[in-house]
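Order of writing sets the labels: A, B, C, D, E and F. Residues in every chain begin at 1.
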Amino acid sequence: MDILLFLLLAPLIAAVLLYVLPNHPVRDWLVRLAAVAIAGASLYLLATAFNKGTQLVVFPTEPAGLVMTGLAVLIALFILAMGVKYRKPVAIALALVQTALLLWFEFVYAPGMHAEHNLFVDEFSIVMALIIGVIGSAICVYAVPYMRTFQAQHAEVPDRRRMFFFVLFVFLSAMFGIVFSNNLSWLFFFWEVTTLCSFVLIGYTKTTEAIDNSFLALQMNLLGGVGFAAALLWLGMTQGTIELDKLVGAGAAVALVPATLISFAGLTKSAQLPFSSWLLGAMVAPTPVSALLHSSTMVKAGVYAIVKFAPVLSGTLPGLFVGLVGGVTFLAASAIAVTQSNAKRVLAYSTVANLGLVVACAGIGTYEAVWAAILLIIFHAVAKSLLFLGVGTVEHQVHSRDIEDMAGLVTRMPRVGVMMLIGMAGMYLAPMGMLISKWATLRAFIHAPGGILFLLLIAFGSAVTVFFWAKWMGLIIARPNRAENIESRVPREELIVLGLLALLVVGVSLLFPWISRLLLEPYVFGLYGKIAELGQDNVIIMLLMMGTILLLPLSLLYFRTGRHKLKPYMGGRPTSSDMHFAGSLGIEREMGLHNYYLEDWFGEKRTFRAGVAVTALLIVLMFAGLVNAGGFA
Amino acid sequence: MKREAQLIETIELGDLLPRVERQKKAGDRLVAISCAVVEGENEITYSFEDRAHRFLHLRIVVPPGATIPSVTPSYWGAFVYENEIHDLYGLTVTGMNVDFGGHFYATKVPYPFAAAASPKVTPAGKEAQEKECLDR
Amino acid sequence: MAYMKRSPWIIHYDGSSCNGCDIEVLACLTPLYDVERFGIINTGNPKHADIFVVTGSVNEQNREVIRNIYEQMPQPKVVVALGICACSGGVFRECYNVEGGMDKVIPVDVYVPGCPVRPEQIIDGVVKALGVLEEKRARMKSGAPAEATV
Amino acid sequence: MGVFTIAKTITRNLFSRPPTSRYPAEPAKRFDLTRGHLVFTPEGCRVCRVCMLRCPTQAIVVDREKRTWECDHFRCITCGNCVDLCPTDALHLEPAYRSPEAAHPAKEFHTIPVPPPKPEAGGEKAEA
Amino acid sequence: MSRQIVIPFGPQHPVLPEPLHLDLVMEDERVVDVIPSIGYVHRGLEKLVEKRDYKDFVFIAERICGICSFIHGMTYCHAVEGVMDLDVPPRAVYLRTVWSELSRLHSHLLWLGLLADSMGFESLFMQAWRLREHVLDDLESTTGNRVIQGACKVGGVRHDVSDQKLREIVDGLGQLEAGMQDLTNVFVHDDSVKHRLSDLGVLTEQQAWDLGAAGPVLRASGVANDIRQTGYAAYDELEFTPVVETAGDCYARTVVRAKELFTSVDLIRQAVDRIPEGPIDMKVTGNPKGEFYARSEQPRGEVVHYVKANGTKNLVRFRVRTPTFTNLPPLLAAMKGIELADVPVVVLSIDPCIGCAER
Amino acid sequence: MNLLYAVAFIILAPLVGGLIAGVDRKLTARMQGRMGPPVLQPFYDVGKLLEKEHVVVALSQNYFVLAYLIFIAFSGALFFSGGDLLLVVFALTLAHVLLVLGAYAATSPYSFIGAERELIQLMAYEPMVILAAAGFYIATGSFYVTDIAAFPRPLIVLLPGIFIGLFYVLTMKLRKSPFDIATSHHAHQEIVKGVTTEFSGSTLGMVEVAHWYETVFLLGLFWLFFAWSPAIALIAVAILYLAEIFIDNATARVKWGFALRSIWAVTLVLSALNLVALQYFGGL
């Protein structure tokens, strides 16, 4: 499987080259070239591997394993150095614990454990690889003009774009590593690399806030890393296998402990509730980073790991609690998102919420749930990256990432506005992708034990979701007349990438029956021997709705004619066309329209505190359930 | 049928604020501030009421266009009357807590009640008015 | 196609009226007179209304409001001036702040005299307005503007 | 405790005949005193002008020389002051009210016939 | 980042029957600031006294407001009679009292209806106005008009009412009382109504008094202030206790007005029982000279008519201080921190009569 | 799945819905002691609206309203053709969001606030509707309306909690007092006409027709609880609607906070109890 190697190494090579090159169009072109190559390779992977089931790859362990251990130690040293430099004792402690565990494993147990297949590829990996390869590369392309504008607008930030693109591509490589690794110690290595990339990129601007937030993210992820390392150690101690396929195949009796520990790591990586604060802090990073790491790929690595272990978790107490952590996170994060007006924070909370849903599905772990979980991952990655990039573009033009300042975006930046509308519709409206997944999730929940609890969580959570997305959409199409069209200022590449992603959102929703048939159903069948699918008629209905939605804008042609335009109703007061009205005291007042944030209902602090309390308890129960199941006995 | 006693006390402009404050301290309610133009002078009357319905009027007399101090420090709600007096009589009231800046009533004629705007109606003018009525 | 006559929705605005006519307008909605018998609804929203029922006279400040409401109504529309204040300025005609009847600001189609107008008179006025409304609709349908813009 | 406290009333309403008047199918409700509109009988008028002078809304114009009586019904508030003050029976109020108009109507105009010579006192009396 | 919503409320608005205009500044739906403005009904009728005979002016005084019409007319007459020191025949005084209370009945029923309408309780609105029609019939059959009665004149009243008719009115009110009982029962006891009114727009006793509140607004805050106690018209010969509530919220204001309905019926009953025979008016000669402040208790509270005369048939100054005008500052105080949905309710809770307030 | 039913719904529902609206107005008037409009009044109203001038604040508002109408009709048709209940619910949500967007597009103070409130309404009743669909599934083993309707036992017995909860929410869906917080059919409101403030003429007509579709669909949803016996179902649905008219006339409008809180509480308690009971004592 040379293609796997290519996907692992090509980004790495590109990264090194990018680090060497100075700020120059050549580097920009290299980014584009590499992106096209990676995207092409991942599509090639799809074309060559989609119908072949799980393929395990033998790969020489020795040199690679050694290199990895060495690099892991280097990473640990780097973290220690940074920790010392910025005086972050928690990070130092966690890094020490984690490295100690890892070294213990590497030197005491690893020699005795032989992994037959270090790499693999199956349908789920293909899905993940496509997300990384296509969406990730698109984001990298987008980052070129974005970072140019960013540096131009933030003169105070040192230009570290060389480092930026270097890390970005290293990250892509590591992500491919995560989804192709069959050897858990490899997986762990790549896992740690993504943590490091995230750490470096969050701290890009090197402001105090950025540094603090980057350490917050680092600490949370290291905490998860400790869990992961513990899983490896446990495997070593019990003379288990460190091969993913064998472990998953072994079932709950053998694999429940590592599965739970790795799920714990997954919960931190995917910013589930007691740990979600790091993702919010990570929003200080430049927007492409948020799009790539913190919504469409890296956080997905967390849920990827949990979904991988879903068959193990299914029907177990720890599984139930993992699922509940996800469910509660979904509800709480959605509720908090209502109170946010900072666009990136809304997106971040929505990301946390949706990952929560995936985690809930994975925790339940039935065949339907896994099918739903993967669908969620796909649709979320596409729509959310579009939204993040959209927000980035808007931010650079209107100099604010506040939702309220996006009022009337359809008149100010029509194309970007419409693309963002598509992205948002993709997040919560039928017949777009997320809704299909939600349909699947609901079905999965009903069939699951304890499903009613999940049902309640999702029912209330989706209601809240509708609220915050719809009000944002509403602001975008509301038209305060002060708007002038400023779209021409948007760099062309940004528009192209946005357009591509918007097409993807629609395309994925249209193509989802085929995606399901080609990739998801075989994967689920391979694991469970059962097939989950949406009924044929429902597919037709979905497509029908989609068609209607796509055709309806044509009616605007009709509505354009013969309409008498009037000013809005303002209680009969004399109104100017730019939303001013004759106010009291003889003052002309500007109408102020702002969304509702229901602070009294879902206030961030209160909801967050409640969510943390509940999920922390659930995590304790998760480990308790493990003890109960006799895992540590 | 009872008729209320008319307790009208004319005071100096300078005594106004202390007197008003005294009424306030005594626990009186501000019933109204009214203004009338009598022989070219503005009569401003502050009417108070105590809890036993005793109705008391303090009156100051000021020339047209005069400046009077606001009683809103004692009576928060007095601004409605004072704005009215400003808009209708063209008197300046200083220190109002809510100043409508002349937009309390948007009148077609500025200061319609001001001394200059009021015709002198005397018994002798009756016939003239009748005539005007016929010429309509 | 005479739906126009069967579903006249009104909007009521109180110009500088003494409330006498206004409460009679409201009284028309209530059980004893119940104008909903004729499909009349008091919408309170110019965008939904067909008949502008206006009471009181025009003064300095409400002139713009009356015009604004009138302009916000979609065609065809009819103005019914209720009460003598709306017809001519009435008893307040000579007040310094009163400009006169509603026709100083907007074209009035039906005048209903009375001080105050009685509910039956209001019904008469609105019924008369329906005829005008229908005429305007027919004119509009034939392509001509329902009325000259003000 | 009160949920649906109005239940009794609305149920009663539902099952009883509504009090709605059938106007215009049925005639409007009127009382003897109802002030509908002003009626002028020229024959009784002595041209004293009290109705004009005391009209609160100045709807009436009487010209002594030309012996005319004019009333603008778009000004008349049917208060009945003129009826009360009229020294003769030239004015009275009818309970029927005026109907709506499409335009300002012409003023009601009457020429007052010259009466057989009689002592004239009304005008001065009322003005006093 | 300010998330404030700034919207215009009125002058034309379906829940405000009259033009009052507020600029609302809100966060979500919480009202953080209210900037009011009036002047849409300002006619300047006080100045008309310079052009009208003081006797005819009563017809204009009545048209200050079509709802409080009768009491305006009566108070104007009181003021002029005060200047001229006229002793009005007792039958006229009693008739005026009966009509005042009938006006109060119609006004309170009207207000209860509007309040119900402002909180979306349509059937209650209809019910209140249905009852009100009975009162209007009584008014029309005795005075000649439904809402602007034109029954008062300087020196008496214009129409006598036969004792038999007065009896009929009292009997009719007896029947009406049952309906009013059902109606007020809803206002006082219904949970959905209480949800909308309780703890809303609270004015403490001190606040209400200091801000110059009048009438039911003042009484709902625990001050037993009713100008009828000063004994104008026939009230010094009739017995009644002012209705007082202490909570000072919209609910208390509603309860005060609901209970006052029954006080009014009782007062009418007493007045009809005691009404003396005799003339209904007196001859008024000469022109007034002097000044007089006359006060009455309108449905909305205390109204003050001030008359200054110089011996001509035209008054020098006529000033009306209406209850709504003095209730505006308390209204502003009561509106702090309410929700958008409460705005019409709180505004209506002072029973605003903009026509009165602006004249 | 039966296309015929879908077509029948699209054609007949406006007629039935309009008639129901007419009867509603007549009965409401009678409860208020009035004579009320003719039963066909809603049709006259829509007829009139179609005759009016096309007036807009923003062009796109009409587009959203058209889409709203189409998707309301679509979800109703999907329901009556026996489709997947969850999809019906999703399509309905889409429709309402489109209406809200139409109101936003107008950018007028009252339609904007109406839009926010409509979203609060959506947020309030959405959980109940989803849980109702889930309840039907747990009781009958299918999301398909066809299967649910063909279920041989009376669902009302299995799903009493869901039924009451849904009934509680129905008031809001029908825009009736006490929950008519975003827009109301007749009562006056502090936000004028809420979402529909800026819609006029044919656009408003479309909204009306959409309401008719929705009424019929909602009554159809309640039909499912009694579907084992069409006669009883007809009576039950009629009684339900009468009860709604009654409630509409017997309450003041509550504030949105109370509406949201009470609906969520009812939803949570009733549906949780019902579903848990169902899962452990019967169903599936």
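Here is the rule we go by: a residue touches a chain if its C-beta (ideal position, glycine included) is under 8 Å from a C-beta of that chain, and two chains touch if they have at least 3 such contacts.
Everything quoted here is computed from the prediction, not taken from an experiment.
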Separation of chain D from chain C in steps, with touching chains one step apart: 1
Chains contacting each of chain E and chain F, listed by label: A, C, D
Most remote chain, CA-based centroid, reference being chain F: B
Most distant chain from chain A by Cα centroid: D
Chain occupying the middle, per Cα centroid: F
Interface with the most contact pairs, given as the two chains involved: A-F
Averaged-CA centre spacing for the pair chain E and chain D, given as whole angstrom: 27
Where chain B and chain E are represented by their mean Cα positions, the distance between them in whole Å: 23
Distance between chain centroids, defined by C-alpha means - chain B, chain C (Å): 37
Multi-partner residues of chain E (each touching 2 or more other chains): 5, 7-8, 11-15, 29, 37, 39, 42, 44, 47, 51, 59-60, 63, 123-124, 126-127, 130, 133, 145, 190, 192, 358
Junction residues of chain A, two or more chains touched: 564, 566-567, 569-570, 572-573, 584-585, 591, 593, 595-596
For chain D, residues that touch 2 or more chains besides their own: 4-6, 10, 13, 18-20, 29, 53, 56-58, 77-79
Residues of chain A touching chain E in the complex: 341, 402, 404, 570-573, 581, 583-585, 589-600
Chain D - residues contacting chain E, complex: 1-6, 8-10, 13, 19, 29, 31-35, 53-57, 77-81, 84, 93, 128
Residues of chain E that touch chain B when the two form their complex: 37-39, 42, 44, 46-47, 50-51, 78, 82, 87-88, 90, 93, 209-212, 223, 225, 227, 229-234, 236, 291-295, 302, 304, 306, 308, 311-314, 316-317, 319, 321, 325-326, 328-330, 333, 358
Touching residues (chain side chain E, partner chain F) in the complex: 5, 7-8, 13-15, 29, 116-124, 126-127, 130, 190, 192-193, 195-196, 339-344
Residues of chain B defined as touching chain E within the complex: 1-4, 6, 8, 24, 27, 29-32, 34-38, 45, 47, 51, 53, 55, 57, 75-80, 100, 103-107, 112-113, 118-119, 121-123, 126, 129
